């Protein structure tokens, strides 16, 4: 299952006014792997995510994606390289339709240049048509096609999660970073989401996901990283991790 | 040069008095109040009304101006701001509404007093040396300076030593925590308006002692006010005081260095931009904890 | 009869000029979420540049182009440092910028003739030898055509993928960045284009008044623009045009009735003017309290809800 | 030794006090259409120490926000000693005798320690100096820090101050949101010991805790929330031994470890 390292995080730290939210975290995620990042509240998981995707500059360390150093590039360039993230609280564009949300995400659009938008209407129209087809395919895949013309703000919490994932796929990503994809999602939809993730992996996408639903994460992840108090305390297969007493202590609290 | 610094200190002290209210309201209500400058004007015109009508000296109008400014602030809190707060209105909606208040208030004064500049009616004053220093000030300037410093100290005492002041500071730290600590936030907000609105009006009276009154008086002071509170770190009363003196002095001293008098406002504005770019959290902003 | 016709022409022309002005603002705030409270500065730059250059002998078209371009460049001057600021700081900064521009115009008397203003500068259609009424009609048509052109341009842009990016930035800039868009560049373009349009409206205003002076470019003009925008519903170009017509129809059309009535009550013209601005102010407050989405906006499309 | 170590003693047998707080069928959320709480009910009796545990995202903190009037529930009722709390301002709820310590942002950072206590004491009524003295007797560590800004305190000191600020109101019911979160292990011990002492002195306590083991060991009763609903409730001891609880947290991990 393991290929070369796609994401390579080296000794990354992040400090907030003297408080180390993330301290010296190193790990790699090989291609085609589904890696899970778990840990109790306040362990620094989301901060780590934000640092890896350049939403926060690291206080130390380096991040490589597919061989390119990421932490020195502007934030918007990571998705172009194939690394796309979602947010803990879904961030869909509420006052745009579901379809517009999808179309927006596509990279390399002629019509996103001012000149292209004004002077090449036919090329733009052609590209829009192609994109629309791709978007509708993806929406069908996530069973959102009947909502395509609705405002994204009208979607339920679970549907927003799906839209966010579908939207990320418009970028043809090599790797998806999902921040709590299951949070607030009902059980039936959870199963569905799991199937999507497994299916997408079989199509070649690598995953790193933060998740609190341990059952879910144990079921689909090849590999689990455990954080507590800003540090990586365990890294291994689900079996290894579930036998690790440090992990149990981190979750349930150390017994006396 | 020293004379310009002295003038700057007088203006700065007045800016500081008016800026305290602006920054308190911002820190507690998250409201960028574009009508604050017009409270300053209102205060100045209240003094004019009393000066022309009753023949009092402008200084005697200070308490009346405070009451008028405070009363209007309470009225607006009850009619507008409380409701918008409950609706969780956006920052932009709040700004637009405050501009509406500003326009209405300013033109109310135009309606009654007309747009042309007016002066208090009182004997012409001669500038005399101040405290034996090599600078001169008119009696009104001296009064304005002393009164401003007294007011600033009074606000300091209020914030530092009274329960109300401590509660106001608590509110600017964390409104939700204040609520669950048992503080009736609405009541403290009303007091914030009383102090903010009242001080703005008082600042207006003092400001009016140093120059002619016109309906845009406070509006033109608003930019230096914002400059002062941004310099000081928006939401920090002490920063506003320091920023006020700084802006006042920079504006006046710039005249000494050959900047035309008309560009005083621009100087304040440029100082603000520079401050924003160099110190996005204000000169004194780093002292805040989260 | 002809004075009444003149009046209507005036209202339509003024509404068209302001509609152009507000369309620029709407691109910036309604579509992109950029809080610009200094819009009038770019109107002033457009007006003064064009008038001064045409007085210096430039052909009208070249002078207008220069005015529009300079307005756009000036917006970059303030936008480059300020666009990263939060909404309230941006509001203060842009207002400050506009006031500085106005103070410069007011005081650089050698260049701009200062508070006196500029009379007698080249106007369009001068060589056609039109009657005053004929000129008014021709100019009204010019303004309407300009409005139509700007509207069509903006419709095309805002419905293009480019406009989609602007809307996404308005909704959630961080999420737009997460999907790989360099939002800063889009915001700068939106600001520059909106300011260029403001510059164009400034040119038209100069011709409409046949006279410019710094008092035309007080912050009140920006606020009037905001009011027209929120009246029609920010984010709707049609709403902006309807809003402008409604505003000038309502406030200007009633002016003669209102003033004659109120003047009969013993009020001066100045007082009537003040009363009008008081009403504008109250209206803005009430609008923000009860219909922040504008008169024609739908609640789901609430424009000022962030 | 502290109360936590007493096996099956007073801790597990719930005091037979009267019902003090009754929350019934609470439905609440922040975003329209998304209910974080989907019908939660719980009861706290006079003198009890009750814990609410459950995995992240179960809605525990939201429940306390609803209780304290910071978030209005969409459905359900909350009665405290017979008085309905829904619709009251938070300050009015505090005035009835509830006091709340949030998990984060629970002190006023730009005020000194003394000022933090003073403004709470002012709410409580006359006799502020005595009230503050009493709190300093409970948390002697704060004495040296009175003049420091609360923002400069360590995590444990901050938690002590936050609890002191709440206790100065002499509440009938003390509500704690994850009092041990982010604390060093020895601090955790100290905080839990204080909580047990406060409860033994007669103050009823309702708390959320992530450290489920420690919390349940010292609680009379516990509620387990999952996905915004009540999952299990029982005495603290019984919950600790309930395999379903462990499962809710860690899936099947711990069970397999036991096996």
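As written, the chain order gives the labels A, B, C and D, with residue 1 at the start of each chain.
We adopt the following convention: a residue touches a chain if its C-beta (ideal position, glycine included) is under 8 Å from a C-beta of that chain, and two chains touch if they have at least 3 such contacts.
Predicted model only: the values in this text are computed from it and were never measured.
*Asks:* Would you identify the chain whose Cα-based centre sits farthest away from the centre of chain A?
*Replies:* Ranked by distance of C-alpha centres from chain A, the top chain is B.
*Asks:* Any idea which chain sits dead centre by C-alpha averages?
*Replies:* Ranked by how close its C-alpha centre lies to the overall one, first comes B.
*Asks:* Centroid of chain A to centroid of chain D, CA atoms only: how many Å?
*Replies:* Roughly 34 Å separates the two chain centres.
*Asks:* Please tell me the distance, in whole Å, between the geometric centres of chain A and chain C computed from their C-alpha atoms.
*Replies:* Chain A and chain C have C-alpha centres separated by 43 Å.
*Asks:* Take the average of all CA coordinates in chain B, do the same for chain C, and state the distance between these two points in whole angstrom.
*Replies:* Computed value for the inter-centroid distance: 30 Å.
*Asks:* Multi-chain contacts only, two chains or more: what residues does chain C have there?
*Replies:* none
*Asks:* Which residues of chain B are in contact with two or more other chains?
*Replies:* Those would be 290.
*Asks:* List the residues on chain C that touch chain A in their complex, please.
*Replies:* For chain C paired with chain A, touching residues are 153, 156-157, 160-165, 167-168, 170-172, 174-183, 189, 193, 235, 300-301.
*Asks:* Which residues, counting only chain C, touch chain B once they are in their complex?
*Replies:* Residues of chain C touching chain B: 29, 35, 37, 81-82, 85, 87-89, 91-93, 95-97, 99-100, 103-104, 106-107, 219-220, 223, 226, 230, 270-271, 273-275, 277-278, 280-285, 287-289, 292, 304-306.
*Asks:* Over in the complex, which chain A residues touch chain C? Could you list them?
*Replies:* Those residues of chain A that touch chain C are 53, 55, 74-80, 84-87, 91-96, 100, 103-105, 107, 109-114, 116-118, 121, 124, 128, 151, 153-154, 167-168, 171.
*Asks:* List the residues on chain B that touch chain C in their complex, please.
*Replies:* Spelled out, the residues of chain B in touch with chain C are 32, 80, 83-84, 87, 89-97, 99-108, 110-111, 114-115, 219, 223, 226-227, 230, 234, 260, 262-263, 265-266, 269-270, 272-273, 276-277, 280.
*Asks:* Could you please specify the touching residues of chain D with respect to chain B in the complex?
*Replies:* Residues in contact with chain B: 68-70, 89-91, 94-95, 99-100, 102, 105-111, 115-116, 118-120, 122-124, 149-152, 165-166, 169.
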